[in-house]
Amino acid sequence: MSKSEQLQQTRFGQLVNTYGLPRLIITGFLIFLFIMAPITGSDLATQITNVINRFSWNAVLVLAMVPMIHSGCGLNFGIPLGVLSGLLGGTLAIEMGFTGPMSFVMAIVVSTPFAILFGGGYGALLNRIKGGEMMVATYVGFSSVSFMCIMWLMIPYKNPSIVMAYTGVGLRSMFALDSFYANVLSKLFEIDLNPWGINLVIPTGSLLFFALLAFLMWAFLHTKTGTAMTAVGSNPTFAKASGINVDRIRLLSVILSTWLGAIGIIVYQQGFGFVQLYTAPQNMTMPAVAAVLIGGASVNKASISNVIIGTLLFQGLVTMTPTVITALIHTDVSEVIRIIVSNGMVVYALTRKTEGLK
Amino acid sequence: MNKKGLVIRLTALAVVIAIAATMMVIGRGHTIYFDNKTVENYQGNEYKAFERVVVTVKDEEVAKLGKRERGMATWIGQNFKMILEITEKKGDEPRIEEIELTLPYNMDGIIINLPAYLAGLPEEAWLSEFIPAPEPEEDEEDPTIGDGLGLEGDLTGDLGGDLGGEDLGA
Amino acid sequence: MSSNKNTPLGQRNLESMHNYATPLGRRILELVRNYAVPIMFIIICAVCIPLSGFSTSYLLNEIITRMGRNIFLILSLLIPIMSGMGLNFGMTLGAMAGQIALIFVTDWQIWGIPGVVLAMILSVPLSALLGLMCGKLMNMAKGREMILGYMMNYFVGGLYQLVVLYFMASIIPIKHASIRLPRGFGIRTTVNLTNMRQCLDNELAIFYNGVKIPVLNFIIIAVLCLFIVWFRRTKLGQDMRAVGQDMDVAQAAGINVDRTRIISIIISTVFAGFGQIIYLQNIGNFPTYTAHSQIGMFCIAALLVGGASVEKASIGNVFLGVILFHTMFIVAPKAGVAITGDAMIGEYFRVFVSYGVITMALIMYEIKKRRARSQGGELLALAQKEGGAAS
Amino acid sequence: MRSIKKDFFGNQVLTDINFTLEAGQVLGLCGENGAGKSTLMKILFGMDVIRETGGYEGDIIINGEKVVFNTPFDALKAGIGMVHQEFSLIPGFTATENILLNREPQKKNVISQVFGERLNTLDYKEMDRRAAAAIQKMGVEIDAKMVISSMPVGHKQFTEIARELSKDQLKLLILDEPTAVLTEKEAEALLNSIRAMAAQGISVIFITHRLHEILSVCDKVVVMRDGRVVRDVSTRETSVDDITRWMVGRDVQSAASRAEIKDEKADAKTVMSIKNLWVDMPGETVRNVSLDMRQGEILGIGGLAGQGKLGIPNGIMGLYEAGGTVVFDGQEIPLNNPRKCLDSSLAFVSEDRREVGLLLDETLEWNVAFPAMQIQNKFLKLLLGGLVKWRDEKAIHTVTQKYIDQLQIKCTSSKQRAKELSGGNQQKVCLAKAFALEPKFLFVSEPTRGIDVGAKALVLDALKQFNRESGVTVVMISSELEELRQTCDRIAIISGGQVSGILPAAASSEEFGTLMISKVV
């Protein structure tokens, strides 16, 4: 059947198919924004700084999508689990009294066991419901976030800089990280071109950190286990027939995804400078899912380049539209555009036929 | 589709549209204000405010008006009915009048000057449109829109909402 | 090998299944397993009601009001379940259509029941269009209908914002400044429905011991229930049941599967639009940009609490679900305060429970699907053992 | 119904088929799998597959008129009904609802006048009446109110038949192996109902492997082989033995060369021994199979489709749930665990290339090297003192290239994606994958299914060569008896999920034929 379909495709159709129509449109739109930016009077260098900054905050979260997509678990709508582990790690590290760069390291260290625990349980669950992962993942995310809402109030945190000011019980919904790990990465080896009159600041540390993780991910996919993971995602029956313990590989991928989610949120916080608790973790899902899809990933295929391209495109869109479009039509439609683009992208990905995914 | 089926369907559609049109007419809501105010100079004449008017709409007493007072009622549809209990001068026996009048469709707020109306003056004398005073500019109302992915809304109150716009763009 | 080796597997299935079914203990276990969620909720409610300290009449009043305003919405979920498309997370699309209709009706100042009727009529073309779109996309993503419907919420939610926040009063005429944003276009964050507030609820309402019974609401709900019962007996209803159970067989029998599925989503979306209008007239105002966002979640949770599953739901499930879910919803915050001393915990708890219920239902549905597949092997092993013993 | 006549060329699945069937006649159609029966029936029934693959040649003439069916619905209109092997029933519906599926009698109502006919209410009384009539016509008692999912298999079958009978215009009924799932008693009831139908003037084409059924119910029998009609005789003039011979009877010569060697290995040691194996593979159920394989031989496993031959390798290799004992090289192999099998140097080339055999979206290199890499840690570079097992792309490339040359795989490069290759080349990739494992024991399942003649010979030769040169025991499963006889030393025939006998390749066709149908269920 797929043969006859292929025959019908024209060359243009093939281009659209390989690159994806929505992706084509988004890329075009972004180029348009870049061209329009100087015309509307906004400083291109500032824009680029913003995009790079946003990229450095979000890229790790997007990277967290990759392992699960590779192993055929679909889009990780359960990323809040990873985010929650990261939040637990971050808050506990602060609670323990760490400050500065050390608190960043400790946040990652403390969040790791949580990520393994949550990811393990979540992975075991997903193994029992193969085929229905995405819907369940979404609701596992919701349930765990609302459960942790209760926990943020119940866990006896004591550190005065993070608990609620008036009662002293329960964490604040948002607190600043200035004395903890705000900007510990982005200020590292920072390149600031302002002295030369260009308003361009490159958060080298954050980028390097992402590059390191991306390299590790790339390397992992080149190892024996990584190869097995790709095969499981590509054709689980083949993998099973080749003696792979499909469930174990999937479990591993979920734990990896969750752990990367945990690191991702910590990196995000260090860039953003604040920790957001309670319902905030839920807001991290869609941007990450949409970014990896815009980067050209499908429900069961994703690469590091998808992550990089996707995050750049998506964050570019998010940061550029408010200034450029607002300047053009004097209305801030960026929020709506973001919602339509990110969700439209997921809808598009879901309606595309995926081969090999059963 | 056969012809009969088409006719039936078109008829059904017409009926639905007719219902909609009817609803637009009979459901048109108006706010009616009653003024018990002296009309000082209408074509050279003066029409004095009544001492006291009690306005009853749909068996409900909506206003007791002294001089220079204004009352209010709401009414759905164009055929407005009310019962007035009028005390013309101090000490007079109140007289009761039942009044029916047709309201203009396109007016939301309608002011009726009772003394002028009861004197049988033409419409322009007793009817005027109520134009609400421009509301004090509120602080720029920012429609807090998210994509609703969070638990916000009426579920958890505003705990998640005080984060400003930053989290939305993230 | 003895001759009973030749009995077909299927028949053996049946025999062994009968063997399993008989003991009473097992049947009770089965019952508990099938109705785990409602039973759990009855227990939660039984614990929380005394703790909350609400009076019976207050509780009854609240529950009846909520039944009146919610049941119609939840009923709109039944038809897609019948046609095998799972829980229609896309019902939110209908809710948005209903809201747009209400905005117009408010602007035109059509009040009371005529306003409600007009809003319903206006919402139909919009709902149908959105339903058509949703149905078509779902046909492109068979087997992933639920997650697709769920994402459609947010996608169409974006379009809704674009229309309401930017197009209304700039492209689409809106007369009254009172519902416009101060900047001149877009609709205010809250649309006031004072003039049709509870107009359905109050019509024919009966007060009994301080409990208000919105009779007209219940009549409308009864009509819809009758419609659903009647609908099952129509050709289209029969086709939907067939499609829901086995698409391939239905296709082979000449039923236009895709079309049937689209129609089922359209019907659901249109009803959801009506439901949202009934819901909002009861509340009396609505937050323009968020009123729809949680509706799907609530309705689905309530339906599941009533013992429905992804593939099977009845009108009974709807009623039971509304009662249990909303009882929990009313008493949880107060009970939360009583237990923990913190009001927020109760709030969060009920949110957690609603999400938890949906999660559990989805997990059980998926596991059941898989369990059905692995049963064959057990039976075969059993057959051989028996066969071996006999020979 | 006068004369149905058909020529079909295409890819030579059917050649020059001619037969006629008269009203009220029952025609038995039999032949080995792959003889072309199903294709023929698909043409007659206007199935989509035929049109999609380029249509057919020749004519079908019904009642003296030439007809062309583009869809099954055309065929239905012309009065042809077909009962397929797989049930086409809605599990949650009653028999009545299924019998009248999509043909329910309806009543008009106000709403349907507006919204269209699909909102007509169903006329349940009329439905009951029609269903009852159809069931009566069939002559077998089934409960019309019973839900399909709680029915025994036989009754499902009858429901299907009743559905066809409920169509008023029915003139010709095709029954594709209807008795396969029935108990003897039910089968007898079915045969009676066939007779009853014929008596009412309905023609029946009855496809079955149970030859005695043909003899007892049919007026004439058509035997097909290799896409040709080999015999078209009246049942009165024939016997089970005759039919069996016609079904399998072909040139026995070619097998002889292979047969000579077989004695040498007669006393070779048993390398694998299977005891009481059951496998739950849908459509290929295995029941209680015991079989010994000898060191270094090529064992063929043959049999009709659906009898369980494919279940054996799939069960042993852990792809479907299985039970029993399998001993390989003195060691018991745990079942339901593909890894353990592969670890013990077993390898398997699946019959399902697209689903099981290949990573369609990946390169040939991956496909060839993957199992060997995972199982035997081949093609890996150990970095950091063995801590990191890095994929060795170079080694993978080399080995893939080696097999591409050896098996003459036609591809643009070893980096080409597997889904872009033709079926024959994909099959070769599957073999290369198994060879790369360097197994001691190889299962090959339907190695020639869906590939062209040239590729077939190559694949078979590669197998033989592999067996000879590496001394690997090969078990080859195939529905093509001829192919087995050319390649194998011994051939086990599976029937009804059990081993019905093991014969040397040189045995006569009749012997094989008898075994194939001996325990058909």
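Letters A, B, C and D name the chains as they come in the text, with residue numbers starting at 1 for each one.
Here is the rule we use: contacts are C-beta pairs under 8 Å (C-beta built on N, C-alpha and C of every residue); 3 or more make two chains touch, one makes a residue touch a chain.
Every value quoted in this text rests on a predicted model; they were computed, and no experiment measured them.
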item: Most central chain, judged by mean C-alpha position against the global CA mean; value: C
item: Between the pairs A-D and A-C, the one where more C-beta pairs touch; value: A-C
item: Centroid distance [mean C-alpha coordinates] between subunit D and subunit A, Å; value: 47
item: Centre-of-Cα separation between subunit C and subunit A, whole angstrom; value: 31
item: Separation of subunit B from subunit D, taking each centre as the mean of its C-alpha atoms, in whole Å; value: 77
item: CA centroid of subunit B to CA centroid of subunit C, Å; value: 37
item: Multi-partner residues of subunit C (each touching 2 or more other chains); value: 154, 157-158, 161, 165, 344, 348, 351
item: Residues of subunit D whose C-beta touches two or more other chains; value: none
item: Multi-chain contact residues (two or more partners), subunit B; value: 145-147, 149, 151-152, 156, 159
item: Residue numbers on subunit C that touch subunit A, as the complex places them; value: 137, 140-141, 143-144, 146-148, 150-152, 154-155, 157-159, 161-162, 165-166, 340, 342, 344-345, 348-349, 351-352, 355-356, 358-359, 362-363, 365-367, 369-370
item: Interface residues, subunit A side, partner subunit D - complex; value: 2, 4, 219, 222-228, 230-231, 234-235, 237-238, 240-245, 301, 355-356, 358
item: Complex interface listing, subunit A residues touching subunit C; value: 77, 125, 128-132, 134-136, 138-140, 142-143, 146-147, 149-150, 153-154, 169-170, 286, 331, 333, 335-336, 339-340, 343-344, 346-347, 350-351
item: Touching residues on subunit D, where the partner in the complex is subunit A; value: 52, 317-319, 338-339, 341-343, 348, 350, 355-362, 366, 370-371, 373-375, 377, 380, 388-391, 419
item: Residue numbers on subunit B that touch subunit C, as the complex places them; value: 16, 19-20, 22-24, 26-30, 74, 76, 108, 132, 134-135, 137-138, 140-141, 143-149, 151-157, 159
